[in-house]
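Each of the two complexes below includes chain A, the first together with chain B, the second together with chain C.
Up next, the complex of A and B:
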């Protein structure tokens, strides 16, 4: 577990990981220990102020914001993880292929990737979301994932191209190792730290993409996410009414979740990229 | 062809770029055309069915149905439909709006577009400039300044646009009512070229603008800091320092070299930031494309959504192309013909 020891050396990584762990614990354990109402249960009226029973007041439907926040964070993380996984899987596959198999295949794959990068992701997200009826959290994750992979593909291709010229790859090639085994055994393991960082960035982007789509009214159906919480608070004018408890919790949770992930990424960057360290 | 480009590397670069943007444009139009057709069944009857849930007269419904069947051309084969759509788009015909029937989609978008452009473009540019200066300073000074600036930038850039928008709106428009909470101008005014309207519009402009600039600063500063630290560690910098070249001069070289990738970054930010920026408009009910999109989605106004996504894509592609043209002028390698397009 050498890698964990190295990671713990970065204060940024540790701080980011700590915040993320706290958010995760709140989202996963909270529903069991901290609340006894269901997320869609009405416990009060329109925007009741925080009280002893409802620590963060109620939303526009009279539901407990504190409970909504736990379930909402859980849904947002769920969508983010699905999307991050899908995007990383597609991105790494295409990137490794393009980087390892040069020539026409590389040209075609990277041309495709670059064209997709030029089209703003939000546009494809909106069109896909409108086309897919009955969006669950998982479908949303997949939708976000299939639009987000080009960045990972591009970065992984660059890494693969440089790894391909290493000596151990040459030796494997001389020993007659096949292309597939080569990519899986000789190239991929050397990019793990890199791929993990790309995954963290995809996760961050996906959580924000969910919030963006949900705010526009294209969120998951019959479930609560941080984005849908903001959507309803916006639709029912909580900001202009001054019901801060309806929008501050989701805003803060979105921000600290993405902040913790970006912090982890910056910490890992410092460790794995010595050129980013100050010499003076 | 080859002779045309000989000794004209910049022209070659531009042609290559223009070709790729053309491909991206066709791809975007194709996506705009095909994705809606993923809706199972006949989209027109689905949409008109959703509308009939409201209180709309049946005669109106039939007229709507006929109009949209004609617009979509669903009775014809797919390639013919695509051709109809493509020629329509090229002539500026984006169809008829559902929610504002019988208004044409393009006419509605045309009124919203200037507000969006006037808000987003200056915000992205100002955020980009300030962010680069901050990032370069952080990299150069190091120490406590760097730690504060870097962590601050990380914090700023991790706050989603619309979250900051909501918080700003609450603080500076509701709690302390210094700025108006919504709209692009007060209800007493109407858009015209006058001082009164200009000042009023500026008053409404301040908060959304500030929101967009602040988040952009964070993201750009991180990128610039990274590039500048990388440059500061390179051999040419060490060599210049050993030669006793003054710091000021070294910083100028470093800044200019670190700047190049940041210009590409500017092009990227147009595309990636637009989503959050549109929601920011919706939060402030700013009369641009974001608010229009928000309403269109709520009303299931399919042609309007499709029109807005297309216009956003076109605007972003155009902005990227302009940045690429500028990049070609600035990067000496392109002028010298050492590095081509993609």
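Up next, the complex of A and C:
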């Protein structure tokens, strides 16, 4: 409760959270209250302009863009959450291990991380996406997650290295606390705010990575995401035709979702990072 | 590499240095998608303007005849007449005065040499020799084509007479000497007999210039444009934008919602029909079904799938209204000459249409399948209906969208169909080797004197088709039926309309019973759209002096175009 009260002090965080909550409500509750068609249901022709029944027109399949937008946002967030969770889990595990256990283990883990960081993730992403047979939203999230963790690992290692020299850690060590307990109890909790911020950035990156992959035609199967919406609008030349409703809503939703997350991140940075904290 | 790159830059630089006079130039689009690799008329692949007769393939090299899409007949090009002197001998008479662009006369010797050439090397045209016994000179203007006694199939030979472009013996004898196969010849300086010569080519464009000493000035007329240029666009939308902005005069590209160009934006753009379907339907992109997969092996499952597919939606969205709703026949019901064989009663009685309830009824009542918790049916023997992958090359938007609709409508019924869009070479390879569940392709795209026979032959004749795993160029699912093969042989030997109609009727009924493939939509042979800012008098439905083609008898369009005075 205390933490929420602190967070609410940042206007940026509140604004970002407000936008995200609105997007979430639209994606999760919209299908129940705002539309009565299924995402794949045909309601009109190829690129029908917005009308009473289809507030954002139809896409190239004749499906309702407004409905697509709800389900698309939901899928994109789903992929983002899975990817953010996977990337943060791997990054924190490797970073904490490397930062806490020095010597060969650290060298090996960070060497591996540094090698991966030099490979452009988009290349690995494309190769993995092509290799995977059933690209559901969840598998796509995992794929994006396993390519995105290295920078989290590096940052967490740096934090861990500095935490390791704190006095409370020394005291615990003298008391004979084991390494695992040490990492879980004495180190990790002190990084929670940082890890949560890293998670939000991973989530943002993953939503954009999904859009990139989908626009290349490597999007999730049999579901609609913001990226696949953009993919088909590009393929069907909606820009030349002037069917703005096919690409503007998805672009706007991608932008405001990532913008709200980045805003939340900046707000938290303000709170948790003393050098940025406004003097009051 | 550096030298090559520099050379390419130089060529490209020259291309930009001299803009051609706009009022004397026709710009085309949609037939060349990458840099040209030479101008050999016997190779397949994009090499505008020599690739194939339909794609401006008469500009430099000419065949003996051209296929007329509207009449279904052969029209003269190099030859003025074809006469059957007995059951299996055709006499083809050349026009007087035929001549190569280098001034040498074009003789019957060149014709005999060319047909010999396509046989000696394994060119795509070598197949004509399955039906030919010999090609011989009768006199100095006449060539005799003698059909093979075992396979005297006139229509297939007529088809090839429109496809094989005649090349000069005195040039190709020398070219031939230095190579193992004529398919290796790049032929950078083509010498043909046509009304245009190669002007220049670069990675950005290919340009030809009118040849004013053309032999056929009297017979075929003088083309109006002095230059014809095919810019090489990176993508479909770049070419379509150029058409809308008057930078392209005449296009073969798929343009989604082309009517918006004139209805919404007032561009002087037109198509053959001024309203839907805008283009003349001529081929059937079809979903080939792997008959050896568990589940798909069962004809009733294929029948349920056929009922499940939303054909009206494919025509409306995937084909952008350019297709009538697909019927369950191998014969195109409208527009082209073969429509006379379409049998409405048989289709109504034995065929299918979009009816998801009927699909469910077949699955439940006739097959006894039960619906699993995931909504997908399972046959009594435990076979789940899918997942089956339907694939076509990436970037073919109309086909990709059609397959998405197949997938959605099949799943709505309870058949698990998924889509995949690999790069074109991968997709082709899977199709050729039979390594697919469902694949979309046109059985014998285009039209010819041999249609619809050649389409039935493509889908239902397994003789001479390589085994599964090896590369086959037709009958990709290796459908085999003795009765169909016998009917095909009978159809090849008769020209009696009533007899042909009866045979095609029986073949179509076998097709509708066995369902080796499902036609999803109709597609024009070529997309024919034009912009009349600089040139007018393109043929349309109301002014049908030539068919809506970029080659064959569509060549006549160049003669009839009129520059706009400005």
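Assume the second predicted complex is superposed on the first by the 276 of 280 C-alpha atoms of A that agree within 3 Å, B and C clash if a C-alpha of one lies under 4 Å from a C-alpha of the other, contacts with A are read in each partner's own complex, and residues count from 1 in each chain.
As a convention for this text, a residue touches a chain if its C-beta (ideal position, glycine included) is under 8 Å from a C-beta of that chain, and two chains touch if they have at least 3 such contacts.
This is a predicted model, so every value here is computed, not measured.
Look at A:209: by the touch rule set out above, it reaches chain B but stays clear of chain C. In the superposed model, A:266 makes contact with chain B only, not with chain C. Contacts of A:247 after superposition on the shared chain: chain B is touched, whereas chain C is not. By the document's definition of touching, of the two partners only chain B reaches A:122; chain C does not. Residue contacts after overlaying the shared chain place A:178 against neither chain B nor chain C. Of the two partner chains, chain C is the only one that A:236 touches; chain B does not reach it.
More residues of chain A lie in touch with B than with the remaining chain of the pair chain B and chain C. After overlaying the two complexes on the shared chain, residue contacts for A:221 are found with chain C alone; chain B is out of touch.
Within the superposed three-chain model, A:18 lies out of touch with both chain B and chain C [touch as defined at top].
Residues 217, 239-240, 242 of chain A lie in contact with chain B in one complex and with chain C in the other.
The touching residues of chain B, counted against chain A in their complex, run 20-21, 23-24, 27-28, 31-32, 35-40, 142, 146, 150, 154-155, 157-160, 162-163, 166-167, 169-170, 174-175, 181-182, 222, 226, 229-230, 232-233, 270-272, 274-276, 278-279, 282-283, 293-294, 297-298, 302, 305-306, 309, 312-313, 316-317, 320, 342. By the touch rule above, chain C contacts chain A in their complex via residues 236-237, 240-241, 244, 256-257, 260, 264, 310, 313, 316-318, 320-321, 387, 394-395, 397, 400-401, 404-405, 407-408, 411-412, 418-419, 421.
Here chain A touches chain C in the complex through residues 40, 42, 45-47, 60-62, 134, 217, 221-222, 232, 235-237, 239-242, going by the rule given at the top. Put simply, chain A touches chain B in their complex at residues 110-111, 114-128, 130-133, 204, 208-209, 211-212, 215-218, 230, 234, 239-240, 242, 244, 247-248, 251, 254-255, 258-259, 261-263, 266, 269, 275-280.
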